[in-house]
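Following this line, the structures themselves.
The same subunit A turns up in both complexes below, where it pairs with subunit B and then with subunit C.
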Partner chain A sequence: MRQRPSPTVKSRPSAEAQQQLFAYALVLPVVLLLVGLVGYPLFYAVYVSFTNMVVGGGGDWIGLANYRYLAGSPVFTSAIWNTVVLVVVSDVFKLAIGLGLALLVNERIPARGLFRSLLMLPWAMPAFVAFLTWRVLYQPIGGGINLVLTSTGLYPGIVDWLGQRSTAMPAVIVASVWRGFPFWFVSILAGLQSIPAELYDAARVDGANAWQRFRAVTWPGIRRIVIITTLLSSIWTANSFESVWLLTQGGPSDATMVFPVLAYFGMQTQRIGEAAAVSVAMLPALLILVFMTTSLMQGDGNEQD
Partner chain B sequence: MRIYSELLGRPLIARLAIVAVMALVLALVLFPVYWMVITSLKLPREIFRVPSLWPQVFTGANYRILIEDKDFLIAIRNSFVVASSVTLISLVVASLAAYSLVRFRYRFKGLIGRLILFAYLTPTSLLFIPLSILIARLQLGNTLYGLIFVYLTFSLPVSTWMLQAYFAAVPRELEEQGMIDGLSRLGALFRIVLPLSAPGLAAVAIFTFTGAWNELLLALVLITSESRRTAPLALNYLITSDVLPWGPLMAGAVLSSIPLVILYFMAQRFIVHGLTAGSVKG
Partner chain C sequence: MVTRGSWTRRGFLHGAVGTVALGMKGLSGAFAAPYVLQKGSKLTFWGGLIFSDKANKLLQEAVKTWGDQNGITTEVVMINQNETVQKVSAAIASNTMPDALDMSLDLLMVLSKQGVFLLLDDVYDSIGKAHGGWFAPVAAATDTSKVAGGRTGIPFGVSGNLLLRRTDLLKSAGFENPPATWQELVQQAAVVTKPPVFGLGLAFSNVGDGNVQISALQSFGGRIADDTGTKATIKSNETREYLRWVKDAWDKKVFPPGNTTWDGAGDNQAYLAGQTAFIANTGSVGIAAKTQDPELYKDTAYSSLPAGPKGVISPIQPQVRAVFKSSKNPEAAKALIEHLAQPAFMNAYFDAAIYGPVLQDQSKFRGFTQDSILSGLLDLVQKGTAPGYPDVYNAAYADMWNNFVVPKMIQRIVIDNWDFERAMDEAQAQTQAIYDKYK
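Let's turn to the complex of A and B:
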């Protein structure tokens, strides 16, 4: 950074102005890149969804035709339903498992450090590896789940977990919970560890039982974190492409079709306008989640005051 | 012995219950990882004909097929090039922005901070269609440059967001002292703030690297030649072929996990903190 000498009388106010300029210069690259790579594409996607654009060509404005087409297509309806089911059911399980394990690890238990590290393994390995591994686990031939179920006598038959409509979505949810629970676990654990021990002592002195202590001390201490984690996890799960793509590609017969996979299929069939409409259709719901999350996270004191 | 002493002071039943729950949880968490590793070491005929929990014969054949026939090491190299470039660019650009947002007061600062968080939460599934058009227009389609460029969409916001929290924790007085001693503003950033935020930089670097290493959707849309495939892309094309090669697929899964799992366990302390730095501030 070249320091410009300022010989004029204005030099005193311009020291302040220079610092402002410097501050803007530092933040400018990120702002420009994000406007170009996130802001512009977002608006462009909305525009494209109102056209009949195809790959390698321009498109004409066709108004709401893409949306009307989607509204009448059964696969779109099942994508909405499946996305909601995937998000809600896996959030509930991730919360229950994450909270339970965080409470356990927050106690005095044997080999706590090692246990905690091993619990993080599903989150530490790449997502595509996790879902490819579950794809193999679910196989009727060569899969580990059928082997364990038959050899322990828990269930005698061989099941094609990903290949039949009734089990495909539960199978996707189980894999998604396995991969995602560590984030909940570690977030909630951090929250638990920030609760002062004196609060528990005070509650005990007052004769509160375990459930009352949870209600009066633990829950208020972790509620914010649980809400933020729920919002983040919902956004990520609703938009997770590789979970469904690598496990089932949306099949069998659309039983696990979700928004991101449907949009990708639209793109593969060269109808970009329609594909864009699929992803833009989930924008309203997403915006609500994002605005809730940003206001909660910004209220966190991340900015200095 | 220390292990058992932790359990003293509880009724025997409670102690047994805790250990039983821990064992069950570990079994459920570790079994998929175990299955991935042993499948990668089994002969194909064993995978398909005699399912068992322990391979009858250990073989390196799957790894050889993957590396020699499927050129998987090229995919790993591409992943390394992309992920390290994204990490390096993000760290530099995001450090400057985060420093500006934490240390200066100016108009639009709040708005910029909000936009960065908004960009962090904007999912790739919403952006991949317009980004693929944009990249085609820039003549960057089917190149690793194009991939690096679009990966900044998720790496920059998360890096800036996380670094703000770390920079804010560096006492302002240390910087002021440095500047009295003759450092410029940038000097204070590079000589004082960045070294003191080293754990944060490590966490952000690993986070960014992981994000780029894992990305599949944009790679699927942007990369068409086999020689430019990244690791997830190469494995994706392995399952869409006619024969389902579970052995080589799991060998690829093991090879793709190793760098990340090593990084993770080396820097676990930073990452656990980093994961929660944005969302959880105690």
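Let's turn to the complex of A and C:
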């Protein structure tokens, strides 16, 4: 008997594969959006940094010429150092102030809600208003800080807070800390409130003093939040333009020159390739911070799962 | 069909018979070039937003009225002059350029080299012929023939720095006349310095006002680069002399504290607050004083920048209008630019905008004959020097200007206490690196 050939069986994707395809289809719009809004501009900026593009022109490929020019420029070295100083010192002070205030306001004190709201004000204020206000406070003649020093007899002379190398960067850091600490405060406060009260009770029963309770209960409870806040704050501070621009424009004598201001100067000269190179030069450091932040946040999510 | 609307706004004609006469002359003679305007077409114009609301409104109204009269739908977008570079870059990248726009000379030069503008020689000639001709320094400064093969920008105003002085303080100290030299300036400033009032409100910071020091350096004979505009020559005996003048003035403590980090309004604020006797300014301070502090306005006199051993270096900074090649309505754009040069509008505009004149006939305007600030600006246009002079004004020079090489050289001396040689070496190296980019 002649056997009929078996009909060709079309292989159909398994249910699991179908599910995967469906999942990919669901995330596709987001991926396209990210490629369009983040990926393309990012890679375009990297490409432009290797060209001699000026305003209105296409730009030719010039390899590393923009980077060589920057590397040979003393202001670029100043910008690297100043950006690191601004980020590190600001973060240390923001952590200290944010943590201290969060611990204080986490206690049962009168008008706790009011304090919490007031402490958020610097963060809520538009950056340019905040930094222009600080500029007025720092004015050598008629500025608020010098008026206080003079009227209290602490220092009778005129201090040029923004015009001296020794005080310019500290002045920028103070303003930056004032503007940025509320984010730390509210983040740490949220972490504190998620620590079960029973843990503190148990520590007290075990005879732990305040410092021991902080080390054994509080810090483990907020450690991850502090790290993520540090990373986010570092990224924002490193990218912050208005703090330096509105206070010193990078001066005096490049004492406060940072990457965003340097990139702005590049833009002012209409050399887009060069301005892009400044921005791209700080990208590796920022990318490390971004990856650390996202992996930590990812870890957080997994732990919660 | 050419449609020319006569100027009818009463405000512009108020009390100015002479202006009307000039306006009529302008109306009759300004329309040599026939423009074919299409009714119902659209035109987008980016006007330069300046500190004077009145001037901004005048410009917007003038464009709108012209559009209404000619059946053209106009859209006027006022662009902050500090953001023109960014906005234009974005517009070019996204191919959304306006038909016409206002801008500074250095941006015009860069973009003309890219070939993005229409040649406007016909408009330039027509306007010049109708209004008594262009001032020679303006004509020379805005000539883009070498980079674009013709004129791409139509000048409409000139700014530049005047020396403002407090006559009340100086007269009581025995100084009746403005300082003729930079040394005299420091001498007068030192006498009237009594903190919290300081004599000399010159900026040494990373802003445009700080670049007044380039003019001072050049008037001492210092140069940024050689005559070919390619080799940096900042380090020289003349620059050393200039730095000696700066250090001497600094040691006399005639500068208000904070001048090394002043923003663009730093000298304005110091003068308006009565903290300084002299500033170099475009005249905007005088206008602010007119409304905010009439007493100070009355006590303010204007003169040209002081001279150095090589004379007075007082560069003019022309503002220009241009038409993009991509314009879908180039005839209308050209007609609008020519229309905006008419005396009736420009007379009112100059009163509010604090620009110097660009056309000979404009020197007869009410403001330039009666107002002390505008008279100073007329003087600047007549006696001022071309941008960059005696240096070659090219892209490298503009780059050096925007990187504040000279103010930073001063900062090295007064902030970091570097000696002159070290400061000059750094400035020389920086400038050469900048010029090398353009070889």
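Keep this in mind: the second predicted complex is superposed on the first by the 264 of 305 C-alpha atoms of A that agree within 3 Å, B and C clash if a C-alpha of one lies under 4 Å from a C-alpha of the other, contacts with A are read in each partner's own complex, and residues count from 1 in each chain.
The rule we apply is simple: a contact is a pair of C-beta atoms (placed from the backbone, for glycine too) under 8 Å apart; a residue touches a chain by one contact, two chains touch by 3 or more.
What you see is a predicted model, and the numbers here were worked out from it, not measured in a lab.
> Using the superposition on subunit A, tell me whether subunit B and subunit C clash or fit.
When both complexes are placed onto subunit A, subunit B and subunit C end up clashing with one another.
> In the superposed arrangement, which partner chain does A:Ala96 touch: subunit B (first), subunit C (second), both, or neither?
Once the two structures are laid over each other on A, A:Ala96 reaches no partner at all.
> May I ask you to decide whether A:Val88 touches subunit B, subunit C, both, or neither, giving the answer as first, second, both or neither?
After superposition on chain A, A:Val88 lies in contact with neither partner.
> Which partner chains sit in contact with A:Gly163 here, subunit B, subunit C, both or neither? Use first/second/both/neither.
Once the two structures are laid over each other on A, A:Gly163 reaches subunit C alone.
> Could you look at A:Ile288 and tell me whether it touches subunit B, subunit C, both or neither (first, second, both, neither)?
A:Ile288 sits against neither subunit B nor subunit C.
> Give one of first, second, both or neither to describe whether A:Leu246 is in contact with subunit B, with subunit C, with both, or with none.
Both partners.
> Comparing subunit B against subunit C, which has contacts with more of the residues in subunit A?
Comparing touch counts on subunit A for subunit B and subunit C gives B.
> Would you check which partner chain A:Ala15 touches, where first means subunit B only, second means subunit C only, and both and neither mean what they say?
neither
> With both complexes overlaid on chain A, does A:Ser73 touch subunit B (first), subunit C (second), both or neither?
After superposing on A, A:Ser73 lies in contact with subunit C but is clear of subunit B.
> Report for A:Ala210: first if it touches subunit B alone, second if subunit C alone, otherwise both or neither.
neither
> Who does A:Ile272 touch here: subunit B (first), subunit C (second), both, or neither?
both
> Which of 74-82, 200-208, 236-244 or 254-262 in subunit B clashes with subunit C after superposition?
Residues of subunit B that run into subunit C: 236-244.
> Per the definitions at the top, what is the overlap between the subunit A residues touching subunit B and those touching subunit C?
Correct list for subunit A: 135, 139, 141-142, 246, 267, 272.
> Which stretch or stretches of subunit A touch subunit B in the complex?
Contact set of subunit A toward subunit B: 1, 3, 19-20, 22-24, 26-27, 29-31, 33-34, 37-42, 44-45, 48, 101, 104, 107-112, 115, 117-122, 124-130, 132-137, 139, 141-144, 146-148, 151, 178, 183, 186-187, 190-191, 193-194, 225, 228-229, 232, 235-236, 238-239, 241-242, 245-246, 259-260, 263-264, 267, 272, 275-276, 279-280, 282-283, 286, 289-290, 293-294, 297-298, 300-304.
> For the complex, which residues does subunit C have touching subunit A?
Of all residues in subunit C, those touching subunit A are 85-86, 88-89, 92, 106-107, 110-111, 113-114, 116, 195-196, 205-207, 256-261, 263, 273, 275, 398-399, 402-403, 408, 411-412, 415-416, 426, 430, 433, 437.
> In their complex, what parts of subunit A are in touch with subunit C?
54-57, 69, 72-74, 135, 139-142, 158, 160, 162-165, 168, 246-255, 265, 267-272
> Mind pulling up the subunit B residues that touch subunit A in the complex?
For subunit B paired with subunit A, touching residues are 3-4, 6-7, 18-19, 21-22, 25-26, 28-33, 35-36, 39, 47-48, 51-53, 93-94, 96-97, 99-104, 106, 109-110, 112-119, 121-134, 149-150, 152-153, 156-157, 160-161, 164-165, 168, 184-186, 210, 213-214, 216-217, 220-221, 231-232, 235-236, 239, 246, 249-250, 253, 256-257, 260-261, 264-265, 268, 272, 275-276, 278-282.
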